[in-house]
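There are two complexes below, and they share subunit A, which is joined by subunit B in the first and by subunit C in the second.
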Partner chain A sequence: MIRSRTLAGFASLLRAELADLFQYRIEMFLYGLWQVVNPIIYLVIWSTVVGSGDIAGYDRDDFVLYYLVFMAVSHLTLAIEVYTMAPSIQTGRLSPHLLRPLHPFWRAGALNIAYKAVNLMFLVPIWVGLALILRPAFEPDWLGIALFLPSMVMAASISFLIGSCFAMFAFWTTRSMSFWDIWMSLTLLLGGQVAPVAVLPGVLQQAAVVLPMRYTVGFPIEVALGRVQGAELAAGLAIQAGWTVAAAAAFVVLWRAGVKRYGAVGA
Partner chain B sequence: MIGRLARIAGAYFRSALQEEFAYRGDLFGNVIRSVLNLGTAIGGVAVIFSHTETLGGWTLGQTLSLLGIFVFVNGFVAMFMSPSLNRVVEEVREGTFDCVLMKPVPALFLASARRFAVWHVSDIVLGAIVLGVALAGLDVRASGWGVLLFVALLACGVAIVYAIWLALTTLVFWFVRVANVTMIFNLFFQTGRYPIEVYPFWLRQLLTFVFPVAFVTTVPAQAVTGRDPSWLVWIAPVIAVVAVLAATRFWRFGLSRYTSASS
Partner chain C sequence: MSADIRVRNLVKHYQVADREGGLRKSLRSVVRRRHRSVRAVDDITFNVQPGEIVGFLGPNGAGKTTALKLLSGLLHPTDGEATVLGFIPWERRREFLSQITLIMGQRQQLYWDLPALDTFLVNKAVFGLRDADYQESLGLLVDLLDLDEILTKPVRQLSLGERMKAELAAGLLHRPRVLFLDEPTIGLDVTMQQRIRDFVTRYNATTGATILLTSHYMADVNALAERVVVIDHGKLLYDGPLSGLIDRYAPHKTITLRLERPVERRDVAAFGEVVEADDLQVSVRTDKAQAASVTARMLAELPVADLSVEDPPLEYVIDQVFHRRES
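Let's look at the complex of A and B:
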């Protein structure tokens, strides 16, 4: 009963946010371009470096394919909560939302999904266009493709929950953005943007396999392209599920502590 | 006139400095942020060079020098340019830009030298350190002329960045809801992390003549690392002067279109 009311509330929030963001679609698109330009830089670099050989099993076509999928996955798993929720915590605009019979982060979730949906309008043609121009060879790995969706959902969830945790740092500090900067630059290196995780050298690769960054972007791509197989695949999915639970726990803990603190400041 | 403007800018800078020292705890956090960001950037370069000897003809040391210049310029821009120019975008949207126009100093001056994000000084210092360490490893002979050329090219690069940023900001007079200028600028500026020679021909042309990032990092790095300087070295001052003149003209044109928020 409560469950269906929550979902109905979420659905109306989503409709409202979609209508709102659609008004700013050009601005949204400029933000969305980040997830196109950055992968292109590394696509170009690795195409140059790899030449006609291969690196850790990736030849030129594989790098092209990897970064094309990266564009889509990094857009769909992006966390924007530091830009949406942190300012409302700082300015006190969160207060009216606390009075609603719905957790404020349902609204953050609606905003997150609406942003991604509105941007698809521009990004899908770009992705398809680039794929048609670059035409990388592709041999489908059906198990990987089947497991891609669950892995993507987990990646987007971890990303959203961790992004929300960083946004909630705003309950304690005025510069939660600095922490987010650090997190993002670590994700850049260990999450699969600078290079696919298999291409990272020794220690960095071991760190990437354990830490959460890879499981917010890189891992679903590796799954979809059949880059992880058998035991490695199973272990990866288990680690990803583990991080999803851990991120949810951190989210709940931070929210409880943060809301208390929020009242105490008198915002 | 110049002296008066310098005094005003100095006063704004001092007030920014005082504000910064009111939040000393943040300062510490920001230094950590700068160090970690730099660490991951160097890590990225290390990953690439763990699989290759050269990148677009650049060695590891040369590429790191370029990264140092990138971090330096990035910090410089974030400290001296973006805070003031971003404020203009906000003010035009809110209508408070009228107050700027009424002050007895040129609007362009107030738009460019009013706010400073002092804490980015950590990026400036770290960028300089990376450049210094990378150059020491390269063992390039520094002649007086070489240093002078490098400083001049760096100044040209910064001037070009200013021109681009001013032009982007000026768009606000037409599109009040101009997107976050920092965002657009950084998007393309990221390409400057790596030498321009890495990119395919068409992109290289784009980054040289349309959004001239090449002059900001690659060209000064060529000069200082002792690489064969390309012909771009000689047109850098020309591009810088033309870009700044064009941007200030565009600014004046845009300003004449300013209709304030109420009308």
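Let's look at the complex of A and C:
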């Protein structure tokens, strides 16, 4: 079980990281804007391509709805560890955090959550504005909406843990960012970003169902919109839970091996 | 009484990439990487008793900082053993980390854009300090370090010296029993150096903490540590009282005379090695054992107006230590 002291430590880190990030409001706003641009591009492309027909069960409204939810999900499941944790490993700034009686995991988590929370300030109005302008038809699937939250939490966890694993490559190489770029390209294709997984050609779709990328972005959107049902939904949630556990295990293994190699460079 | 810090045959090797300058050499290193092993800490053994202040001396790259990083648990050793307060440092157990601190003059844990007080509050929570204990520690540190004005300003607006004081406070809020101080006065002006030194002495006296410190400034070591551990190229060269180091490596006294009238240089040279001479002021280096008799003879044979006898400066001693090793 997590100790109360750990939680108190985490809460205080979260407060400090929030206060720290508020210093960079403009920068945050620009990052936030950038995160909205991509889905808008996909949205425009797919709405044009689909015309008045449908592709793999998605008509124009479905694409609009998918990418509106996508904006929220991709932001809330974002992994920033390659940009936060990896540089601190390389430059030795991890040292003070290693010497506190609280695993640096918690600080990375606090930073991740704080970043998302601060950006919500700018993003929520944009999301709401776009939804009001585009007004896609929406028939709520209540089971899907109920299961969206747990699926989102798992997606954000997988994303954070895998992001941290890539960041920990910095214990071995100075090029963890390049590995991360490869991962992000794969997520672009197989994670339901460039297109919903259902729209992908057969082989890619089969790959997407078993690989972790879809479970970091696409799957929670499909759940929320009632795109996966019954056995497929249950299987999807099970695979997602499996990837959460696997990512956590990978994190632990990499951390234990990596920290032994830590050079604590700098003074 | 058992030692607070116990080090046995500690070894740390680093792998460093060996790459020469120039484009062609760079291209070659893409295909074939060459690595070289650096022995940063090479088989060192020593103990530090509770409440002791020990100065770690050595030139740049001698392995002082690496040793501190090993003992505070940042690094895993290549070989050998160490315990600090009975814990193996690199296991970094909660109970261990709660009782030690590593403060580095060039590394900081303070949030750059926030007032230092915010970092203090994080440390309060992370170290699980009770309100009363936190307030007491904070009060003591504010008092000893004169922090009143500093704590509510964003760290980025503090001067180097103010930042160092805040950094010290952040590292000491949890009242560690063992302090590792790495160059705590680096880059500070003389007054601020003196204040940090006074603080360390008072902290040691009030809390009985064990302190292992490195410094480039001999004044630090001179003022703080009665015992020094000298390392170079990762090897331990000397472990003992500061006075012993002087006896062993620079067993001289410097006798400085102010004369009533100029004398021939050779008249002075008869008493020892002349290190400095102008018209009326002469410094002579002489064997420590003979300092008394030489002084007596000088007083009898030279027109002495004033005379002083001093130990050689520590810089000179250290230089002798490393010079002798190399030759």
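Operating definition for what follows: the second predicted complex is superposed on the first by the 260 of 267 C-alpha atoms of A that agree within 3 Å, B and C clash if a C-alpha of one lies under 4 Å from a C-alpha of the other, contacts with A are read in each partner's own complex, and residues count from 1 in each chain.
As a working rule, a contact is a pair of C-beta atoms (placed from the backbone, for glycine too) under 8 Å apart; a residue touches a chain by one contact, two chains touch by 3 or more.
Everything quoted here is computed from the prediction, not taken from an experiment.
Visitor: Determine, under the contact definition given at the top, whether A:L204 touches first (subunit B), second (subunit C), both, or neither.
Guide: first
Visitor: Of the two partner chains, subunit B (first) and subunit C (second), which one does A:D54 touch, if any: first, second, both, or neither?
Guide: neither
Visitor: So, does A:E27 touch the first partner subunit B, the second partner subunit C, both, or neither?
Guide: first
Visitor: Of the partners subunit B and subunit C, which touch A:E232 in the superposed model: first, second, both, neither?
Guide: Neither partner.
Visitor: Look at A:G92 in the shared chain and tell me whether it touches subunit B only, subunit C only, both, or neither; answer first, second, both or neither.
Guide: The answer is second: A:G92 touches subunit C but not subunit B.
Visitor: Who does A:I45 touch here: subunit B (first), subunit C (second), both, or neither?
Guide: A:I45 sits against subunit B, while subunit C stays out of touch.
Visitor: Looking at A:A8, would you say it contacts subunit B, subunit C, both, or neither? Reply first, second, both or neither.
Guide: So A:A8 only meets subunit C here.
Visitor: Name, in rising order, each residue of subunit B that touches subunit A in their complex.
Guide: Answer in residue numbers: 23, 26, 29-30, 32-33, 36-37, 40-41, 43-44, 46-48, 50-52, 55-56, 177, 179-180, 183-184, 187-188, 190-191, 193-194, 198-200, 203.
Visitor: Report the residues of subunit A in contact with subunit B in the complex, numbered from low to high.
Guide: The contact residues of subunit A facing subunit B are 24, 26-27, 30-31, 33-34, 37-38, 41, 44-45, 48-50, 55, 173-175, 178-179, 181-182, 185-186, 188-189, 194-195, 199-201, 204.
Visitor: Taking the touch rule as given, give the residues of subunit C at its contact with subunit A in the complex, in rising order.
Guide: Within the complex, subunit C touches subunit A at residues 14, 65, 69, 72-76, 92, 94, 97-98, 100-102, 104-109, 111-114, 118-119, 121-128, 182-183.
Visitor: Inside the complex, what are the residues of subunit A that reach subunit C?
Guide: Within the complex, subunit A contacts subunit C at residues 5, 8-9, 11-13, 15-16, 19-20, 23, 92-93, 95-102, 259-264, 266-267.
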